[in-house]
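What follows is a pair of complexes built around subunit A, which joins subunit B in one and subunit C in the other.
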Partner chain A sequence: MANLLWLQGGACSGNTMSFLNAEEPSACDLVTDFGINILWHPSLGVELGDNLQKLLRDCVSGAIALDIFVFEGTVVNAPNGTGEWNRFAGRPMKQWVKELSAAAGYTVAIGDCATWGGIPATAPNPSDSQGLQFLKRAQGGFLGAGYKSKAGLPVINVPGCPAHPDWISQIVVAVATGRGGDLALDDLQRPKTFFQSFTQTGCTRNMHFAYKVSATEFGQRKGCLFYDLGCRGPMTHSPCNRILWNRQSSKTRAGMPCMGCTEPEFPFFDLAPGTVFKTQTVMGVPKDLPKGVDKKGYIALTGAAKNAAPKWAEEDLFVV
Partner chain B sequence: MAVQTLDISPVGRVEGDLDVRVDIENGVVTNAWTQAELFRGFEIILRDKDPQAGLVVTPRACGICGASHLTCAAWALDTAWQTEVPRNAILARNLGQLVESIQSQPRYFYGLYAIDLTNKKYRNSPFYEEAVKRFAPFTGSSYEAGVTISGKPVEIYALLGGQWPHSSYMVPGGVMCAPTLTDITRAWSLLEYFKKNWLESIWLGCSLERYEQIKTYDDFMVWLDERPEHANSDLGFYWRMGLDVGLHQYGGGVGKYVSWGYLPHEDKYQKPTIDSRNAALIMKSGVYDGATDTHVLMDQKFLRENTTHAWYDEGGADVHPFDRTTRPVQKNDIDHAGKYSWATSVRHTDVGRLEAGPFARQLIAGGRHGESWQHYDGLVLDMYKKMGGPNLHLRQIARMHETIKLYRQAEHCLREFRLNDPWYIKPKERDGRGWGATEAIRGALCHWIDVQNGKIKNYQIIAPTTWNVGPRDGAQARGPIEEALVGTPIADTSDPVEVGHVARSFDSCLVCTVHAHDRKTGKELARFRTA
Partner chain C sequence: MHSDQEQKLREKIGRMLADGLQTQTEPFPENDTQFGQLLTQLRDIDAKDLKAKLVLSGFTNSPYGEDRMRCQECMYYLVHRKWCDLPELALPVEPDWWCRLWRI
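Then we have the complex of A and B:
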């Protein structure tokens, strides 16, 4: 049995929608099988009005144990630090967030907006948005670098735009089944169990990457998306090709370049002209290389790969 | 005269942040103001960015209608760049949007809307006990089945775009994917699974073929009485309970409706332009005026926005979105005589304020305007006339009815793919103005883009909720939800479920807060006090 409260700040509800795609456990299973007591959620909650305000105040005071506080969306600070551009239940949302996170056993930031600021914090960041404990890669964010929840952990960052439902539900199940102590976080406070491996890990285009066979344009049945189409799979930490999306596929499998949305810089290059779906290069070499590979190594590697590439690698692989 | 007052802060289960102020006299709402309470500034973020930035950013304006935003963003660039879009790509875009909308039907109906039927207000209804059994959150039989199966249709989206929500697989010139036979057969299997385990078995209580024989209000009544399975299906049950508890007696609204139309035909829009769109659509565009019973086509050139009552510093004139500058005010104090919402008021130059959504689409589907080959369906318009005009019950029925047609269109896409034909034709980037539109499940959505010097000069979005939840306009006319709230009976001011019904029947993309004010002084009164 664990009480869970889920609120949304500067959000699109995408993480909620993603969460509702879950199976094993589904959102309903979490309630009926794992004893997760969803105190309130903007799309699912039954309480309204005065009852909800009382519930929120009881969570803040400790009258109701707030075991897990999930926040989706940015913390909106505009205008002038007041947060009035995002009001909820009669006051700026940021005031609720401050008080609730102080009372929470575990505080979980779901999605890029709550972790790093995400799309709303893209320059010029009109809503003066922050993530809970980061703004882009800078630690601190709204709650400050020193924040720890009652369980002694900083904000658990579950990034992604959106986060995969399993990343969300497995964290909740871990806490509900007494495995909160097993949560190991990386230096960006992401659960390592999901974010140690790369988006490329398990990608169906890995052979094309290895032989440097490029998908030079969209709608093809072969080729790696890294060389020309701006795919960030080799330098992005996520399990998108280990734990498939909607149980079926992943963006890179379907033919869409990874945009690096589990990393704090997303959207990369602030979407400047010429940067969308195009690999940024200097003298023909990608500016951003696979994690840990240097330029010299990359040139040696791809030169050898080209020479070794078998004939079939240039033909369609994902055929009708 | 007694003025009853209430303050719900917030009402949940609408997406986003909305406050509503209502005046109540003798248990009936006499005036209303809707206030959108969140500003993120997507149009500002998109300024000076890569022309394709909208493909990444706009699906993330709304995680619920992301495919619809992506559809608009892609077609807007197609018209600006004068691309050629292959037949397969049109079908793949349509299919992605369709499965997102099909997903929304059970998720919205059970998750957001039907829970209200378990409200204690209805405990004396003969349907109450059964409603609790079906619709109680998380544990109700239909709630659990419906919410869980709602994830299935978007598995098809993942086959095309890698994931739902928030893919960007639709791009100017086509789509990124090139599905194979196994993708198509998997998609068929997912559709069949959805049909067998929910659409026919739980939703309709009959085959699609039997349901599709219903063409008129009278046909619907015959269907309802024909077999207990029909009457006891969730559609049949909702129809009967809705009438029993009086949902057909309020929540009508402005009585004028808009749809951009949707689903461009795969053979008719391969060289997309703004002007050729209307004649290329399977589901025709239109404006329906219930007062005069007339249908006309809709066109983006008729659209105007007004910020007199919205938190923007852009003057009081009606402007076309290409001329918007999106300048938010710094201090968003609530002033009901002045500015009180982040939503702008949107109007048609000739017809005024319009309601968007599935109800609007179905009333427009009943018109004989447009091309002879375009979709026609007179059922909801017939119900509208037989029931004496709009109400919140019919708004819901229209949405439920549409599910079957969305399903059929998804089948059409799967049949029509030619797997060995192209999915993408690389376009030439150029400057220019573009416009893309569609119908998100909750209503009319469109994007305008102006590309100059290889970057975005201006990007503007009008969402369905902008149409519906917008504040008063320059002529002080109420917006559609404001209008729909007027006349709503409130049985119990401590639990004004009726206001929730009306707000949720529009599937507003906002979280809703209702403030009640003393009508005479305009002063906010103590919560739940009855004066």
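Then we have the complex of A and C:
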């Protein structure tokens, strides 16, 4: 039996919604099949008021073993570092986070807000928000770069806006069943099993990417969304086209560009007007090129690919 | 549009350019904001006004600039159909033509 506590800081509840939609395994499977005891969760917890405060204090003191501490949302520091803008169970949430992280076997940050600060920490960051162990790409965050949970791991980051339901539940199961030590994490402390490959890995538009055929409108079935509509699939680490959403599809499969939501810079370009869903170019060449490709290589590749493109690449493959 | 109609229109555009139609090849949209502004201006043009489209988008009938930019390598160019697939233009073209909405 592993005890799990889930709290929510500066957030929209998107990751809670996502978690409740998990299928493999589902939130119920966590309890019935994997022996996870959900001590409290914003949408599932039954304790209120004094009872909840007591439960939290018992977790801090060790009277209740806190095996897994899951945090969703940013750590809010405003105003003036007090954290009073986000009070919870009688005190600023940031104080609970500090004490609970120190007591936790594993600390897991779910979603962009908890990992890197996400949308709330976008300039000018009025709530003075931080992620648990990062602020955007800079390591440190609220808990500091040296933080390790009792199991000896840093915060396990499961980013996304929101994170995919199964990324959440599978990581929780791994940790709860004693396999936390087997998790390989990347430089940004994301489990490599999910975040080593790119959004583009498995995208149905890869052929159009290869032959440089552009989709120029949302939902268009022909073409790749990189060239015109700002798809960040080739630069974003996520398994969105391997572990499908609703077990059905993905943004890019449906004709909607990947916005790079698992990377610390999301939302990119601080949401400046004209930067969303539009490939940013400098003199006609995309500003952000596929990971590992330089401008010279890109131009050479494009010329060759255009010359080699077969006729079918210009036609609609997915005829109803 | 049938391919013979497309070919007729391609030839017509070719003749207009060969006859010396002066088009606005400069300034090249340096970033996406400028690119977007050009698209907005293009959308305001009457869809049937071919000449105005060609002038505003800076059509040339030969590769352009030091880098010899041309439709052939442009992202909007459909090689087999010889077609510019940018919705604001949507015109038959030749691979060695160019316009200032070029992107790679």
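Structural remarks
The definition used in the following text is that the second predicted complex is superposed on the first by the 319 of 320 C-alpha atoms of A that agree within 3 Å, B and C clash if a C-alpha of one lies under 4 Å from a C-alpha of the other, contacts with A are read in each partner's own complex, and residues count from 1 in each chain.
The rule is short, and it goes like this: a contact is a pair of C-beta atoms (placed from the backbone, for glycine too) under 8 Å apart; a residue touches a chain by one contact, two chains touch by 3 or more.
Quick caveat, the model's predicted, so the values are computed rather than measured.
Of the two partner chains placed by the overlay, only subunit B lies in contact with A:Ser26; subunit C stays clear of it.
Contact with subunit B, but none with subunit C, is seen for A:Asn246 once the two complexes are overlaid on the shared chain. In the superposition on chain A, contact is made by A:Glu217 with both subunit B and subunit C. When the shared chain is aligned, no partner comes close enough to touch A:Ala145: not subunit B, not subunit C. Touch criterion met: A:Gly284 reaches subunit C, while subunit B stays clear of it.
Looking at the shared chain after the overlay, A:Gly303 reaches subunit C, while subunit B stays out of its contact range. Residue contacts after overlaying the shared chain place A:Ala254 against subunit B, while subunit C stays out of touching range. In the overlay built on the shared chain, the residue A:Trp85 is in contact with subunit B alone; subunit C does not reach it.
Shared-chain residue A:Leu271: touches subunit B; no touch with subunit C. The larger set of touched subunit A residues comes from B, when the choice is between subunit B and subunit C.
Applying the stated touch rule to the two superposed structures, the overlap between the subunit B and subunit C interfaces on subunit A comprises residues 217, 274-275. Subunit B meets subunit A in the complex at residues 7-13, 15-17, 19, 37-42, 44-45, 48-53, 55-57, 60-64, 66, 89, 107, 111-112, 115, 137-139, 143-144, 147-148, 150-151, 154-155, 157-169, 171, 173-178, 180-181, 186, 328, 330-332, 419-420, 422-424, 426, 454-455, 500, 511, 513-514, 527-528.
Partner subunit C is touched in their complex by these residues of subunit A: 212-214, 216-217, 227-228, 274-275, 278-285, 298-299, 302-303, 306-307, 309, 311, 314. Those residues of subunit C that touch subunit A in the shared complex are 28-33, 35-36, 69, 72-73, 75-81, 85-87, 102-104.
Listing the residues of subunit A that touch subunit B in their complex gives 8, 10-18, 20-23, 26-28, 31-32, 38, 40-50, 52-53, 74, 76, 78-80, 84-90, 118-120, 122-124, 126-127, 129, 161-162, 217-221, 240, 244-256, 259, 267, 270-277, 318-320.
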